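Going by the order they are written in, the chains are A, B and C; count residues from 1 in each one.
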């Protein structure tokens, strides 16, 4: 009884928080100058936080160590891009192949990207399909590899991501994937800005859209984690054998977690294509997976809000706050030493190392944001090893 | 036939270079259960040190300056490996396994970004090492000596290493720590020094590997360690991670297969050079989930 | 403690975000190389400043080329640091953003330039980053002038992207014709990086022209970060290739050339504009490799410019290092130089420093630069160019002009 009540207030608070965040994003975007770098950070942060949470679902909540996230993002990004290039633009985009093999585009089916329903329905459907394609591939890949344990699973999924990337770079598939070329001219976040008849923007929604999709998806993941499935996932994480003894179907639940995580990674990939306004296989390398893994661990394995906070801090620090380190600076006629291109990333990696070494359970441990404001229980066994960095 | 032989030779040579890196991965994994993602970058840094040291020691390269700088590279790389272990891994010994791995990824980032900063993003050219860089003609193809010597050197090193592990006190300690971390501590083994020794050996091999590798492929970029590192890691998993002979055999197999895929006569086949390596790995793992020579994992209840 | 920490962290993003954007953009944009005096007058005298964004890679695969392209712009900037707009003198300030040679870092680098209020953008070296950064400039209404990005998709579908160099279809055809004319080649071996739009695009156009002229093409690709080219080159030799076409980035090109030298490959190498770089030249030095590249400019084309930029490279702080250690003039430096002047022409023609006005004026800008006559076509804003220089390495560290190749478009 108490449990359900707590869940209800939690859900209510979550809803309120989501609405506040969304409203804040819309207000910020329409009041601050649109040239601010804040918005690109917000957009990338929203996209990455979804991917980070999806990875956390797998690595943090189910204890399956997978490094295939970039591969599933790639699948999502390409599915989205292939399905949304306007028919009229196909010849330009697929110029090496004399047009695309697919002669339709989802937004065009609903009236074109310039109409609200064409844009919203087309993009929404494409994002959904992006997730489905990623989930389908996850299922296929999961059949052989989910039997593997820990690091072997990690390297196998990493390998699959590389194989997927090679397939999408294959020139023979060019009429569909555009080979090595990027797929451009796709609807992006800025397509959602509302314009008046003169083409002037009257309401900016370009940061609102990724936030909306990311929040919806993360909400679904959170609900899943709090459901009986989520408890089964956690049981598998803690002890596979015990979980199996409790009657949890290991293969089924692992597959479920893998497919759901990949679904959201696919959605994240579609959003990333919208953010970058193109899809190109070259980007989705293992480096990207490591980056996301880094975010997940910095945020705290097993903490959804930790992943989100870590994502925004990570993106803002690496792409924005530290940028001044890349160029020379003169203070009172004295040249500040060390500052030149590349110094930003050196400082950034040192910060990462400090965080990793001194917050060994991540910023949030396995707690969620609201947990920190609850009166804490007198003694927790975990506290002992938590903060002695 | 000539073509076949030369491709095979290149494959064996690449395999030998992967093997030297793979040993470092597999030894660390065997003892700490840690995928040391920074290992490939230590290898790259060793390459950069080779460039900077030779150019700073002598304007023109005489055999002595090269020898001195190579020894210095070896010493400094060992020092780097030792330091990385002490600073980035040792404080996390009681932390969750994932944290240590992230620390390794962090170190890898740091090394790559520092290399980018120091080199200014330009590819650097590795100096030619006398004798090793000279070419001879085998089966109608001119081949550098290093290509021919690498596999022999690897075999000698592996034999020496297995002797060390099986017949010395340190080796016994290593095996004990690999088998059971806590118990060996109780038995009075100084695990920290054992782990340090592992890192020292691994880094020394990485330094040696870098000399052979960059003598063959002379450009050193900040990401030059990433691909050999990943391939070596795949090789280690392939052979059963934790097993030194397994890693070496895996490395040679991957090196040879990779070079044959590169010369397949089908159009577009070469897009899948790396993919093929991974596909091979996945097939092996599906049939032997712990690699070719890996110990069978037993679940303790 | 824990509670406070978490709270501080969660708030810090929001707070600093607000603080960061309400304040004016920091003027952290001193040139990367060049003497401090160059930018000092702009800051001191308080006269009007127009900012030009330099969107170039200074890290990553294309760093070497990006830095040389920037050198041209920096030299032009020291030569002509001001521009007359509507009777007033504006100082020109170059604002740099490193796009890291990767398409996933390019949007944030582009947005940095946008946030610093640049009037127009020059760059980038590398087509992929230009395509990825393009929409950011387009959304902000800032025109961009592509300097050496040759992929057709840079300008296609983006009203705000112009470019002053020739395109891949042209370059691929030029090189295919050259292979036919010069070497009477019947078999060409093409090697490019898998998944790189620049490499694969050029190979596709090369193949089109080469097979149309009756030749056969063997195409191979290598994975990113590959450094073992022995087997590929050996295969080319085994298959009896008459020419080897390698339109790859500089880091790979140096590897291919050194390994080819060791293998004693006799077939001539054809390269695209990326190979016109003194690091590649160094790799070919003292070897028997025959290396031919198509490019935008050949040293000696304009003696005044050559002398001036050599002087700049040798004297300016860090310039020699950026140029790869010697003062061979890269064609991309000449292009960067021209791009800067095209930008000034556009500002003058617009009579304003507003991006929208500059964009409108750019369509009609014509300029006779060191790399030839520059004007833009009416459809995409691509340069109207029908000439490429072909030069070959003399293998003692210099280029020699082989000929000028023209293709009717």
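What we mean here is this: contacts are C-beta pairs under 8 Å (C-beta built on N, C-alpha and C of every residue); 3 or more make two chains touch, one makes a residue touch a chain.
Worth saying up front: this structure is predicted, and the values here are computed from it rather than measured.
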Touch-based graph of the chains, sorted into line, ring, star, complete or other: complete
Chain pair, B-C or A-C, that carries the greater number of C-beta contacts: A-C
Length of the line joining the C-alpha centres of chain A and chain C, rounded to whole Å: 32
Inter-centroid spacing, chain C versus chain B (mean Cα positions, whole Å): 35
Residues within chain B bordering two or more other chains: 116, 120-121, 226, 267-268, 271, 274
Per-residue multi-chain contacts in chain C, two or more chains: 58-59, 194-195, 219, 221, 223-224
Interface hub residues of chain A, defined as touching at least two other chains: 165-166, 169, 171, 340-342, 345
Chain C - residues contacting chain A, complex: 1-3, 6-7, 9-10, 12-13, 16-17, 20-22, 26, 28-32, 36, 58-59, 96, 98, 102-105, 107-108, 111-112, 114-115, 117, 128, 131-132, 134-136, 139-140, 151-153, 156-157, 194-197, 199-201, 204, 219, 221, 223-224
Residues on chain A engaged by chain C in the complex (per definition of touch): 32-41, 44, 89, 92-93, 95-96, 165-166, 168-169, 171, 179-182, 184-185, 188, 190, 275-278, 280-283, 285, 288, 309, 312-313, 316, 319-321, 323-324, 326-330, 335, 340-342, 345, 363-364, 369, 372-373, 387
Of all residues in chain B, those that touch chain C in their complex: 3, 6-7, 10-11, 14, 116, 120-123, 125, 135, 141-142, 144, 216-219, 221, 223-224, 226-227, 259, 262-263, 267-268, 270-271, 273-274
Partner chain B, residues of chain C touching it in the complex: 57-61, 63-64, 67, 194-195, 218-228, 230-232, 234-235, 238, 250-251, 254-255, 258-259, 262-264, 279, 282-283, 321-322, 324
Residues of chain B touching chain A in the complex: 29, 33, 35, 37, 87-88, 91-92, 94-96, 98-99, 102-103, 105-110, 113-114, 116-117, 120-121, 226, 230, 233-234, 237, 241, 267-268, 271-272, 274-275, 277-279, 281-282, 285-286, 289-291, 297, 299, 301
